[in-house]
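Here is the structure we will look at.
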Amino acid sequence: MKFEISAQLKYYTYSNGCIILNIKALKDSKQKVIKEFFTTSTDIKIKDYKELSSRNRLTNLKIVAGQDLEINYNALVDNNFELMDIKKVADLNLSKISPELLKYMHPSRYCQSDKLYRLANNKFGKKTDNFEKVTALTQWIYKNVEYLSGSTNSQTSAYDTVTEQAGVCRDFAHLGIALCRALTIPARYFTGYAYQLFPQDFHACFEAYINGKWLLFDATRLVPLNGLVKIAHGRDAADAAVANIFGEVNFMFSSVNCQLAEDEFIPFIPDNLSRKAISYL
Amino acid sequence: MKFEISAQLKYYTYSNGCIILNIKALKDSKQKVIKEFFTTSTDIKIKDYKELSSRNRLTNLKIVAGQDLEINYNALVDNNFELMDIKKVADLNLSKISPELLKYMHPSRYCQSDKLYRLANNKFGKKTDNFEKVTALTQWIYKNVEYLSGSTNSQTSAYDTVTEQAGVCRDFAHLGIALCRALTIPARYFTGYAYQLFPQDFHACFEAYINGKWLLFDATRLVPLNGLVKIAHGRDAADAAVANIFGEVNFMFSSVNCQLAEDEFIPFIPDNLSRKAISYL
Amino acid sequence: MKFEISAQLKYYTYSNGCIILNIKALKDSKQKVIKEFFTTSTDIKIKDYKELSSRNRLTNLKIVAGQDLEINYNALVDNNFELMDIKKVADLNLSKISPELLKYMHPSRYCQSDKLYRLANNKFGKKTDNFEKVTALTQWIYKNVEYLSGSTNSQTSAYDTVTEQAGVCRDFAHLGIALCRALTIPARYFTGYAYQLFPQDFHACFEAYINGKWLLFDATRLVPLNGLVKIAHGRDAADAAVANIFGEVNFMFSSVNCQLAEDEFIPFIPDNLSRKAISYL
Amino acid sequence: MKFEISAQLKYYTYSNGCIILNIKALKDSKQKVIKEFFTTSTDIKIKDYKELSSRNRLTNLKIVAGQDLEINYNALVDNNFELMDIKKVADLNLSKISPELLKYMHPSRYCQSDKLYRLANNKFGKKTDNFEKVTALTQWIYKNVEYLSGSTNSQTSAYDTVTEQAGVCRDFAHLGIALCRALTIPARYFTGYAYQLFPQDFHACFEAYINGKWLLFDATRLVPLNGLVKIAHGRDAADAAVANIFGEVNFMFSSVNCQLAEDEFIPFIPDNLSRKAISYL
């Protein structure tokens, strides 16, 4: 499914330093970046990096004090995800826990799964398989946590949200991840462009590792899961932030967009009874 | 410098599952594992993994309910570390922040550097270079945090320790890492066998990335820095735990040992005035 | 109902200072202290205080370094509680919120009701009256929190317990109080001697202010509510601790006992359907 | 010293309920309320309460849905405080710890003194007497915590501020109180009108109990200590909030004022060397 995505970011710089952006569409065997443009308003030094294991594509921009900096990214992307019927398989095959999986089972800054062990197992531990467990916890978050702009900040974590029950997409994702890990299910943070998200912005949800695949879950239910263009994954928002800023910088403005570049779109928002899921990687 | 290391671990298993151990000496261009033996008391399925970026060596042991499990590891290792004079270089070269470094600049489960920004910069921000900053914060931890067995638990984090001022090696390391990251200095958790540690046990300290090298710091001052055999590094104790257990298992007993396998040993415990440091990677 | 209660406490003192005990049975119009004895092994300066608003009876013992101190308290008490049928009354009469009630509606050290507002109202807010709300939340704690000796410590608060779901009587009480306050129901911590508690110890539960009475609730369901001899109430365990110690003191031993001093005892443990409750003050 | 104080508060009410205000000047043997006026824009039911032990004066206003409510309070007050020379007295006389003092030694919602014990004693424990300790900790807060409007919220506590090192007057007061209590010095929250505070608003600072007197300390150093008109004291901001609101209410506007009603004013801001202090009670 093809989408035209764009992001425009404006900063004013008060010091030298660098901005590391994580806004480019991921490239892999499934998601094809057909064309893309990345430009900056001023002539600055730019270095591109690809992270070894995640293949996240970072852009390191050297900044100089006292400048207006405008960044424009746009791309045409085919998010060739996989739509699957999920068979009943009770558990993760434990001998398959490689270091790459293990790191998504550990607690992280915003996903303190070690503190949610009893709660997660009391609530969801008796479901028959991991797909049912993650479906149930995603539904539980949707029902119990209020989507409320401005209710949380950059320090808010899953341990807060499970009790305070309000937050934004980032908080919904962190809580989903923390509950999965407390159930011994690897889970990671997913960021992307999102078709039919109103108002348009970057979006966050999460992936859980079930039956050998990273399946996508979104407890906000704000967007169809087949309308996402993946940017990055990581342990939590610390790993997959849109921007890491080193130096004194004022964020002035951003505009994010995701448009369908085909004729037809049949939205996929999973219900709780179907055993259908989408995988992006 | 050559050391004979050994670890003996005993568990009783109440369920099927797996134990993932992280106790083998790291192998790299500097640290040579001359010989090593890994045995288990019962004939169980074992799978070895090496983590892609860290080269940590994990051992996945499949466990079966109702068994006494004894694990023995011993090795002869040459920890061919580098002892360096550290030149004054003010800051991290920001265009060099690759994803591999960036992940050690983010907050993590036990190192909430995002909450320590003001404190770290008020206390240590005015030092002239990053080596002085890390030396000063290591000394500050040594002076202000009491080493007190049993005072903390597996949920204790740097945010607790900075105020509660008591802990064990793990807590000293987490606080050092969090303060470094709050000062925009990449830092990571280091585990190893430690010569002249009393009582003998696994040890934890931290590495900070300065002038292009990962330098070793230990705020406990319990052991000479040149008497360590490195096992692993990671973001914090979540990444580099000695054992990850999936299943119901009783930990019965452990014995850890690190002996000098040469004639002479001149302990290196850095003072605050010298600009000498040790790097293990 | 008459009970013979006793407490024996042994300390060793390393410094001068004082111990303030809160172990004497409360005296009021309902609870009669028929006779009581308070003795100490060494001849020390003792001062009795009664708190103005709660009528808690504190004993300030001046301690001297280097002494074995044994304290013995025993009493015969008639806990002449009130057993009531609770009528449906929707809400607290708001014009009746005096400062004496208001302080039991505020968050306190171990009962951070301000953080539980959404959770409490989502779960229990739709019940028809305050008695049903408190009955439901008491039942919810009983079902979801595991009674587990040693799982918590003196810093554990309701905010921890609501998520970590394990604790002892103190933690059950704190969570009950915090949920009540989040529902705009005054609630306070209750300590006492408890008949049929095994093993015998001091017990903690909570009182909620409903229809003009302080009603007793106990989410542990460990003891009959009519077998308690009240010692004290307060905002939380900070106010009603058995002992406040100023100085260096080693706690050596305690023995607590509560025996029936009548022939017959019909245990009262409320079920969820009856609208019966007990009030001690 | 005479001051004219006033407060104007505007609310819009969406539901029935009540607002409990704590804005009237305290009346006691020292502080004389010469005249005062309290009016509301609409004819509502008002009930005045005085708290038993603190003598705080609360006003309970019954509110009705769908109304603009404007409250005006003004008064002429003589804050006949005591200015004292503080003699060296090492410690609190422990046999004098009555329940009234004891409650200001316990941890409270925003002043978790139990977590600051080591830090407080490491930093300030060696000072010769309690006055020096409190003077030193007040100075330490002033130097290390940045006064930054909007940096904190209603959940922020001393445990946060000691590390995050930013806040407003409420946070400065909470940290001062928590450090005092960790040093076994009773301390309580103080609210008042403040002459020469810019911009004009309610102010918060704290009182510590030294040599038998409640002495005033203000780590913000924003106002002269002799220019305050005391409203209330309590354990922390939970006890002494300007308004407790039960019901759905929109806060629209407030205006607070404190003017000198005499000719001359010599500001008293204590320095660290003098042993002079002010007591309001």
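Order as written gives the chain letters A, B, C and D; numbering starts at 1 within each chain.
The definition used in the following text is that a contact is a pair of C-beta atoms (placed from the backbone, for glycine too) under 8 Å apart; a residue touches a chain by one contact, two chains touch by 3 or more.
Since we're looking at a predicted model, the values are computed, not measured.
If more than half of the interface residue numbers appear on both sides, call it same; otherwise different. Which is it for subunit A and subunit B?
Counting which numbers both chains contribute, over half are shared, so the two copies meet through the same residues.
Suppose each chain is reduced to the average of its Cα coordinates; what separation in Å results between subunit B and subunit D?
46
Averaging only over C-alpha atoms, locate the centres of subunit C and subunit D and give their separation in whole Å.
Chain centroid spacing, subunit C to subunit D, equals 30 Å.
In angstrom, rounded to a whole number, how far apart do the mean CA points of subunit B and subunit C lie?
Taking the mean C-alpha position of each chain, the two centres sit 45 Å apart.
Would you mind listing the residues of subunit C that make contact with two or more other chains?
115, in rising order.
What topology does the chain touch graph have (line, ring, star, complete, other)?
The chain contacts form a single closed ring, each chain touching exactly two others.
Give the pairs of chains that touch; include all such pairs.
Pairwise, the chains that meet the contact rule are A-B, A-C, B-D, C-D.
Which of the residues in subunit C come into contact with subunit D in the complex?
Residues of subunit C touching subunit D: 17-18, 20, 45, 47, 49-54, 56, 58, 60, 62, 94-95, 97-100, 102-103, 105-109, 112, 114-115, 154-155, 184, 238-239, 244, 246-247.
What residues on subunit A touch subunit C, complex-wise?
Going through subunit A, the ones touching subunit C are 115-116, 118-119, 122, 144, 146, 159, 162-166.
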